[in-house]
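Next come two complexes built around chain A: one with chain B, the other with chain C.
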Partner chain A sequence: MSKKLRVATTSLAGCFGCHMSLLDIDERLFPLLDLIEFDRSPLTDIKHCGPCDIGIIEGGVCNAENVHVLREFRKNCKILIAIGACAVTGGLPAQRNHLDLGSCLTEVYLTEPGLAHGHIPNDPELPLPLDKVHPLHEVVKIDYFIPGCPPSGDAIWKFLTDLIAGRTPELGHGLIKYD
Partner chain B sequence: MSDTFQLDGTSVPFEAGQTVMQAALAGGRYIPHLCYHPEFKPHGSCKVCTVKINGRTMASCTMPAEAGLEVESNIEELNGLRRTLVQMLFVEGNHFCPSCEASGNCQLQATAYALQVMTPHYNQFFPDRPLDASHPDILLDFNRCILCELCVCASSEVDGKNVFGLSGRGITKHLIVNAESGLLKDTDMALTDKAMQVCPVGVILEKGKGFSVPIGERRYDQRPVSAQALDDAPRQADASGSCAVCEGSS
Partner chain C sequence: MMAGSEIHTAGLDSILDRYARDPNALLQVLREVQELHGYIHPSSISYIGVKLGIPRARVEGVAGFYSFLHLQPHGEYRVLFSDNITDRMQGSQALMEQMCQQLWLQPGKVSEDGLVSINTTSCTGMCDQGPAMLVNGRAITRLTHQRVQEIGHLIRNRTPLADWPADYFRVEDNIRRRGPLLDNTIAPGDVLRAALALDSKDIIETVKSSGLRGRGGAGFPTGIKWEACSNAPGSEHYVVCNADEGEPGTFKDRVLLTSYADLVFEGMTLCALAIGAQHGFLYLRGEYRYLLEPLQAVLQRRRDNKLLGRNILERSGFDFDIAIHLGAGAYICGEESALIESLEGKRGVPRNRPPFPVTHGYLQQPTAVDNVETFCSAALAMQMGAENYRAIGTAKSSGSKLISVSGDCPRPGIYEYPFGVSVREVLDDCGAANARAVQVSGPSGVCVAESEFDRKLGFEDLPTAGAFMVFDDSRDLFEVARNFVHFFAHESCGFCTPCRVGTALLKSTMDKIAAGLGTQYDLGEIEHLDHVLQTSSHCGLGRTACNPVLHTLKHFRPAYESRLKSLEFEPAFDLDGALARARQMTGRDDAGAHLKPEEA
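Now for the complex of A and B:
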């Protein structure tokens, strides 16, 4: 049997919905695991990415840590896939992009009615938010995109099996969707 | 007996006065399009329907059909250009499909699916476009406007109200409401207007009715835009752009 492909996954400014959708391929996980093994991923709890064949990233880039993780993936993965609306377009977190970040934080933590003695979080362990939320392709080169919020398990299965088999991944009607 | 032209190597019959688009749709052949609507006079602004006719690129919605034309449409060169146009429309506005109540019924989205647009490709503009929620029954979400002008045409030609217009030029071009206040509440727009029905995206919305059709049963869930466009074709206009359906209702 040929060597298994090494796959890393992570969620940046995402909700883990795309990872849940990956698990939605259900029993097809078994044939998938005959072909791949996981490196860094919420499924393995490995903290840093080693050399991989495929990196799958959910969520956009909203803070400094996201940039570091994304660059780690790009450095280590031969093929990088943006999965889901947030990774592909910025998605829900990017809905703050037409607003000033300072006034967002002020409203959420200081002036919102019902907040007593609130303050804007400033723990040094918290990554600094970026001025704007970016889709992945605005920060590093992305090789493939799987849109959807989230893409269905069937779409992910079709895409990965096409890719692993060496075919150009293609999502037909019903599998390609943005919502 | 009607004449024919060649579309991607097969014959398409046409009646005198039909455009290439009208004849193609009437003959069961889909050419991707956004600003073309069978009930209105085409104005060729979105360019998504661009085809090659005898080697030159033309908007098929405005090009009169002629006997013997050699029309190329479904070729990778043109589909690549169409993909680019659609991607630019996506990044210029705020098209956040997961929260849009037009999702699944949206012609821009369905056309992007058909063209296999997997990524916006360009950097997003994320423009600031406030909503107009002033009208008691109707919400305007300008974030999604693709400047097709169908609401402008419907409101002036069918409703006789001139509620909408386009203002500005180039990248600053935008949809406006023709009222001194600029607000929809100060117009005589009503839910029964034709302008309520023609938006190909999710700009003009009826309040209190969002997400009424479940996912899986929406317009483009079952069948792709190519099949839906052909269904819509029989109610097409005559060559002058006037339409018996609209004129009967106005």
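Now for the complex of A and C:
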């Protein structure tokens, strides 16, 4: 048995729905774990990614921290995969793209009824939001895209097993979904 | 006083009655409602839906599809600058900026007093006399700084369009070279009289043996099309003339419809005789709205002279008439099945083919759809005789072709050549010096570089619908391709994902390269996108959308490479700049509030 592949996963501006879908491969997780081991991932709670074979990212890029995490993945992962509608197109969070960020912040923190003495948070601990939400491939090079909201467990299983076996991943009929 | 909704239903009944409340006439109804009210109000949409007995969603869906139909007020004066690359080369962008400044306006916005809006539109077919614009749908040619300034004054003074100087609206034919078609001596009725001596099989046989092929670009043999249509069973047969001349750089049909309208209608009537049709349509692009009344006058004259209507030329049972259907700014309607959808008052979305229109066309009945020039050529071939017609041109491309020459040359206009003429001969005739490339047959066609100027126009080598845009050595072919890519992204009908998304991705990749943020990776992405578009698009629009980029990448790669950052990958936008608004809103300027470029 050759060395296990190291896989890192994360969610940026996503809802963890794609990670839930990964868990939907159910008992196939066991044969999968014979082939791979997880690096940084919500499943391991490792905080920073080390050198990996495969990186899987759900969610688009909506703030400065997302950019840092994405760069860390790109630097460490030989193959980087955008998974799900948000990573591929910006998805639901990108619905704010036709609004001015300033008026969003003003409405949420200053003018919304019930907010007494509100102010726009400015703690340096907090990542600043970008003026627009972007898909991953506009910030770093992405090698593969898995569309779907979320892609099914079967699609993820097929994609990963293809990749691990050295086949160019192909999602056939029924596995590609755009919603 | 009338309530708001009553205002927007007033006058609708007379329009609806004129079209006999036929849901197939929905697009024509909407167009006329807009001419009446300036735009299409939600209450008009509801009213039309009820009166035509179709769902409101269908009415709104059609109104939302066509770019010349508006669901919101767009100003008393709606100014649209033609945005073809040839208009840009003639300075249209500076003129538009000048007009926006003069009228204190941003492109795409309506002025606060509701007076005027300014925007761009796809090629209006005036490339030989640009830059051009449409004002409330009327074409204005030969724009200069002075003319644009005068127009600004007329608008500010609310001068009615009818009182503007007639010279603004003058459209020249600019015929530079004549051949058998433009020099024809056919008098109205000549061809029909001769054809009436034959039976329909003989007419079709003549057209077949003349070797005539469709002039819209695809080159399908016209006689075979007519024969298939004639043989197809159906309750009725239809003749449709495709005058939706939307391919940027093409304007030959404009000239035929202006000065050879009788020949167009003669050809259509000949086709009707051959296939047994009683009804014909001329689908006229909205940009040529100004031709509607003159064309209707020609139709009426032909009816008066027994060349249309019942018992044409006293032949009992030979009944045929032609209705003009106006388009509303949708390039895709030049595709024949999308055109038929539009004729049926629907969104211009291409149908699945097969079945082809010859068996299942208008209202699912056998329909012969041919280009304006094809009908003219068919009439000419009948008059000349198949043998004589076939003697012109080359073995597989018989007859002559009208070429619409524009761009960098002193004599733009219409040139008629026998098929087989070389690119170089056309360039010599139009006086083009220092040409470095020619875009043959528009953005969906072929970009021919200097090394290939001996290639010949014809179905054997360079098929063409007629566009011939010349670029001299001062032009940047990357910007030419980018203009075409924007065109396709704008004109994609949105029905299939590969084309809707693919053309948008292609556009953003080209914009990324234009902004100086491109890399080799992006050039690879373009090739990848091309593969997806070519193999999975629903119709020809998506399949050809990459052509301008692929052809210019092949011949003018340095025009792309010189713009690239020599890195493996670059973000598509300025990351630190994207945080500026948030910095401003939070008052932060600490290290965490900035994004530095990545270290190599």
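Basically, the second predicted complex is superposed on the first by the 178 of 179 C-alpha atoms of A that agree within 3 Å, B and C clash if a C-alpha of one lies under 4 Å from a C-alpha of the other, contacts with A are read in each partner's own complex, and residues count from 1 in each chain.
By our rule, a contact is a pair of C-beta atoms (placed from the backbone, for glycine too) under 8 Å apart; a residue touches a chain by one contact, two chains touch by 3 or more.
Remember, it's a predicted structure, so these values are computed and weren't measured experimentally.
Undergrad: Kindly say whether there is room for both chain B and chain C on chain A in the superposition, answering fit or clash.
TA: clash
Undergrad: In the superposed arrangement, does A:Lys47 touch chain B (first), chain C (second), both or neither?
TA: Once the two structures are laid over each other on A, A:Lys47 reaches no partner at all.
Undergrad: With both complexes overlaid on chain A, does A:Val140 touch chain B (first), chain C (second), both or neither?
TA: So A:Val140 only meets chain C here.
Undergrad: Contacts for A:Lys132 in the overlay, against chain B (first) and chain C (second): which applies, first, second, both or neither?
TA: both
Undergrad: Identify the partner contact of A:Gly90: answer first if only chain B is touched, second if only chain C is, both if each is, neither if none is.
TA: A:Gly90: touches chain B, not chain C.
Undergrad: Go through the superposed model and pick first if A:Leu105 touches only chain B, second if only chain C, both, or neither.
TA: The answer is second: A:Leu105 touches chain C but not chain B.
Undergrad: Once chain A of both complexes is superposed, is A:Cys149 in touch with chain B (first), chain C (second), both, or neither?
TA: Only chain B; A:Cys149 stays clear of chain C.
Undergrad: Once the shared chain is lined up, is A:Ile176 touching chain B (first), chain C (second), both, or neither of them?
TA: In the superposed model, A:Ile176 contacts chain B only, not chain C.
Undergrad: Identify the partner contact of A:Ala82: answer first if only chain B is touched, second if only chain C is, both if each is, neither if none is.
TA: Touch status of A:Ala82: first partner only.
Undergrad: I need the one stretch of chain B that runs into chain C once the two models are overlaid. Options are 5-13, 77-85 or 221-229.
TA: Looking at 5-13, 77-85 or 221-229, the stretch of chain B that collides with chain C is 77-85.
Undergrad: Taking the two structures together, which residues of chain A meet both chain B and chain C?
TA: 132, 138, 178
Undergrad: Which bits of chain C are touching chain A when the two form their complex?
TA: 497, 521, 568-569, 571-573, 575, 578-588, 590, 592-593, 595, 598
Undergrad: Can you tell me which positions in chain A touch chain B when the two form their complex?
TA: Per the touch definition, chain A meets chain B at residues 82, 85, 88-92, 94-95, 97-99, 132, 135, 137-138, 142, 144-147, 149, 170-171, 173-174, 176-179.
Undergrad: In the complex formed with chain C, which residues of chain A make contact?
TA: Against chain C, the touching part of chain A is residues 64, 67, 71, 100-102, 105-106, 120-122, 124-125, 127-132, 134, 138-141, 178.
Undergrad: Within their complex, state which residues of chain B touch chain A.
TA: Against chain A, chain B makes touches at 90, 94-100, 103-104, 109, 112-114, 116, 118-121, 123-124, 126-129, 215, 221, 223-224.
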